[in-house]
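You will see two complexes here that share chain A, one where it goes with chain B and one where it goes with chain C.
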Partner chain A sequence: MTDTPVIDTRQLVVRYSDKLAIDHLDLRLEPGSVHAIVGANGAGKSTLFRVLLGFQKPSLGSASILGCDSQSLSPADRGRIGFVNEEHTLPPWMAVRDVLHMQRRHYARWNQAAYDEVSGHYNIVPKQKVGQLSRGERAGLNLALALAQSPELLILDEPTLGLDVVAKRAFLESMLYSQERENCTVVYCSHQMDEVERVADNLVIMERGALRHVSPPEEFCARVACWIAEMPFRGPDPALIPGLLRTHRIDGLHHYLVFDQGDSFAAFLREHGARSIERMPVGLDSAINGFLSRHHAMPKAA
Partner chain B sequence: MHDFFRAELARFRLPALLVALVHLLVLGFLSRLTDLAQASLIIYRLIAIAYAALGVLLGAYQMGTYRRPSTWLALLHRPLPPWRIAGGLFGAGGVVLLVAVSLPVLGMLGWQSTMTARLVESRHAWFPLAAWLIAACGYFVGAYGMLANRRHAASGLVFLLLLLTARADGAANIVVQLLALGWLAAMVAVSFRPDRLDGPRGPVSTVLLALPLQMATYVVAWMALSLGMQMAWMAAGTSPTNGGAADGGVVKAQQATPRSLMSAGLQASTLPQAKAWRDGLTEDGVIAMGMPYADNPVRGQLSNIVPLQWADTHTDTLWTFSHDHMRMVGRGLADDHGARGELGVGLSQAPFPTIAVPHDPPAGIASKYTIFIAGDTVYRHVADENAAEPWLRLPNGETVQGAPSVEGSRVLLQGSRALYVFDRADALVRAAWPQAPMARIPVPGSVADLGRVDVTTVDDGLLVSFAFTGGGLFYPVSRHQDLVLVDAHGGVTNVATRTLAYDFPAWYRYADWWLSPAMDWLDRVAKHLFEPTPPLGMSEVLPPPAGSVALAILLCVLAAVLAGWRVQRLDIGSRTRAAWIIACAAIGLPALASLWLLYPAAEREKAAVALRPSIA
Partner chain C sequence: MTRVRPLALQIAPGDARPISKQIVDAVRLKIATAELKAGDQLPSVRGLAQQLTVNPNTVAKAYAELSAEGWLEARQGLGLYVAAPRQRLSEDERERRMEEAVARFVHEVAALGFTPAEALGRLDIALRVLGPRKSA
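The block that comes next holds the complex of A and B.
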């Protein structure tokens, strides 16, 4: 495996009529890790994957995947990239064994053991039609097929959406097991922060098509803090609070979720009349939630 | 490719078998009502439309299930070139159509050939193939409709329109269908790619997609203009075809009674006898011969442009002309089964030289005997000998283009270049058969433009009116009425020439031309591809007037200017931009419309100036 970024976008722009789906995106993801891409709905994640796989032409900029121009991927290049989407799109009229047979013939580096290992977590009968599988079974089958391709890069676009907890756990275990064994790069897109926290080596946050943050998840969490202060009155004007992500009041205590604020923030709160101050660590879910809620769409009346 | 082929085949096998069964039942039902192998052109066209519609449905459904972004991605993101995936999917679709469309047709022909005395011959062997080709064309039209950007997804329909209007016959028509299928397959092939909504890449892809789109926009524009103006004139009560025709025009000439048309022609005559002739006209005294047959049946033709069957109730026989034997072949009229032998020319039952079209006997002479029109001869059925005898024959290699009419002591017969006069009394004497004409009246113009021929007997001879009102109201040909007098010795004298006025303004009549001369030319070339030489020759098409020429040039210049503005906003190379400007200058508005529709709106420019939201 080389050091060439598995994904490299330069000033990538995708525009749908008057809406920017991808906004001047410069993203480079290194090989050999699990990269989690998170963002609110409409952040441009799925569009990014379509561009990367050559299914959509960018309005501006460039995108490459595994060192190849996304717009001119050869069949051999595609064989190196696995993709699983949230809908687990497989032909519902085909029997599982026929799908398996077809995939096995198409992929030269087919790993039957990997398929058996992953699919073994699910109660999939070979002669069953894909359309007769439950959503979880279809997800498992889809992942098993993708992992058995022995891809250098595996892109998973919200693969656990709608899965029950057991199926989800089996899915993630399968993915992590295969990733470690094959040393493939995984790009994992999800709204489930517990999953992201569990699998991700690197966290990519996108918002409204733009890149907002890239770092390991723990580094990101370390930069987000929740300050709890007892204020006699209303507290400072939110517009003046540095790095504020979110604020709310619980039982008379002001909770300030802030980004990149050190101990100086305590002084700021005292200046504004805080009688007691406490800094609390923040989990990934709350940190990302607060980070994304700053610019999240809201009803005009809100 | 094999995997997709087998998977799709398995997917559609049950529906294909069900459709095949229903198809077979429908054909079986229809065959009890009529002899499908001898059905008229309109029946074949309706059946062809049904096959094309079935193909469109299959193509649209099959590709419709793949066109969702996630499904499309799952289909094409694999280590296979798209053409191999497409080959599997469309190959299976072709086999499905073979089962659902061609096999029942083949079965029906087989049943008719072996279980009945109905005529099935070598030309019918094309039917299963023609049915499959038409359905396959519809299939690709439906598939393209789903795959292509919705802005131009319907453009494939022009090929179905072409199949309906193509003038080629027999095997040549199969070639036209193959060409249409090939082009449609190429359109689908270049659209079968990951980014299927993007504009065409490369000159070949661009031409493949742009040309049908240009023809589609041209047809739509012309129909909108034509129908729109007709509706407007009808609403205003001034439509020439809806009660508002002016005197002295083509429509009035078409609608006139034989007497009034003859009278109008005589009014334009300067001959001194003209007034007396005119005063002597009666409604019953002028007979209408109608317009010449524009087309003759051709050997090997898949469909029958005229009925080739006739019933002899005296012998309980239904005779059908056989293209293979070039004779009539008989079967039981009542039981539909018993073979009744063959009917040819003379006692030797020789084959007819060309396709013989049975015709009702002319009123006033030999009214009991069926006649056959074939090439330069009219044959008469001689029941006692069960044979066809040559009866009236034209000289100079001219072909008979109408049924004989009786006017007084004469029998009149329309030839491909002249009207011929035979002696009625001689026509009854079998020893004089085949009878030669006693007079030849050259048509004073192109027979292809002849709309009607009316004749009457006057004291000095036979008065004939030729009205050149054929070929459609908008057809750009000279419109006039000519009257000639044929004296007792066969001498022909010009009596009058009356110019008929056009009912519609020139800009309307030439709308199909000035909208785009290039598309007008292409339209004609495509329709007449491999067409056999028309029996009446070519029309004398008039050049467009100066106003229409100026309008065509203006539109082409306008299209080029707008194209120059548009291409600056598109993500295409400089050569492609230049090619589009040249194409718009040459083709006009249809090319400009295709440029607009083929390429998505210019997102690059918008994106470049878009503001980036700031990071807090």
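The block that comes next holds the complex of A and C.
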């Protein structure tokens, strides 16, 4: 595999009437890793996937996928990309067997062993209609079909949404340890941070259609910290607090979740009359939560 | 033929430590408490990743850190083993552990109501036992 980014967008804009679903997005994702895209609802993740897969035209800018312009993908290019979305959309009236035959004909590099390996985790009967499968079974079927394409890039849009713990685990295992994964880049989007932490090499945070952060998850976590201080009165004006993501007042103590603040933050708090100061690391879930709630960082003063 | 020692460890969701750090800490603790002994073989990267349902790169990173610190050693083509405890910890790590141990001791003693002088005296006697032995 070359070092061409698997996904490369330049000043990409998608506008829905007055709203920017994608706001001048410059995103480059390297091959070979598991990239997790995280963002609030409406952050533009699904729109981005639609543009990348050529289902939707950008309003401005460009998007390429595996080095090809996403607006002119050939069937052969599409064969290199596996896609699983949260709806697990396959025609409900088709029998599993027929879907399988259809897919096998479509993809030149079909790998039956991969299909069998992944679908073996689920109780899928070939004669069954897709509409009769449970959500988890459809998820498994979709992933099995996508991996059997021998894709170079696998795009998963909230694939484990609504799956029970067993189905979820089977899905993650297939995704992470399947032999077919070795040379495949995964771009994955989820709201489940424990899952993201387990699977992602690289964390991409989007907000309101724009790119907010890219780094390995643990590096992101290390930049967020929670400071708990005993402050007289209300403490400093939130607008003056450097790097503030979120503030809470609990039992008279001020909790400040801040981004990229070193020991100077303790000095800042002391300057504002803090009596006791404690610094706490935070987990990925709280870190991302705080990061995304930054624009609501100012609750009305108590 | 050495057999792989099972690694009974848990990844805690919501733990502020990154997963690779949780693995590093757990393995170190097992070595320190002799649950893992020198020469024991560790699970493969892929095996442990599968056991914990985490990305194999995360396990690889933890193993790399443990190897760099001298807790584990690779044997060509065979896998990773717990190293003989001759390696010294890094200066920072010794410092950190010392601080931790002192803090633990102080917290215990504070609750018992001994004066600092009494506590120091007892500690002094206890430490004499270590006296002539070389530090590990």
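Miscellaneous remarks
Quick note on the criterion: the second predicted complex is superposed on the first by the 292 of 302 C-alpha atoms of A that agree within 3 Å, B and C clash if a C-alpha of one lies under 4 Å from a C-alpha of the other, contacts with A are read in each partner's own complex, and residues count from 1 in each chain.
As a convention for this text, contacts are C-beta pairs under 8 Å (C-beta built on N, C-alpha and C of every residue); 3 or more make two chains touch, one makes a residue touch a chain.
What you see is a predicted model, and the numbers here were worked out from it, not measured in a lab.
In the superposition on chain A, A:164 contacts neither chain B nor chain C.
Applying the stated contact rule after C-alpha superposition, one finds that A:176 touches chain C and leaves chain B untouched. Once the two complexes are overlaid on the shared chain, A:26 sits clear of chain B and of chain C alike.
Put chain B and chain C next to each other and count what each touches on chain A; the higher total goes to B.
Looking at the shared chain after the overlay, A:60 reaches chain B, while chain C stays out of its contact range.
In the superposition on chain A, A:217 makes contact with chain C only, while chain B stays out of contact range.
Looking at chain A, you'll find no residue that touches chain B in one structure and chain C in the other.
Chain C contributes residues 11, 13-21, 46, 49-50, 52-58 to its touches with chain A in the complex. Interface residues of chain B, counted against chain A in their complex, comprise 3-4, 6-7, 10-11, 68-74, 76-81, 194-195, 198, 601, 603-604, 606-608, 610, 612-613, 615-616.
Here chain A touches chain B in the complex through residues 13-15, 17-18, 20, 23-24, 50, 53-57, 59-60, 71, 73, 75-76, 78-79, 81, 83, 85-87, 89-91, 93-94, 98, 101-102, 105-108, 208, 210, 212, 294-295, going by the rule given at the top. Per the touch definition, chain A reaches chain C in the complex via residues 33-34, 169, 172-173, 176-177, 194, 197-201, 217-218, 221-222, 280-283, 285.
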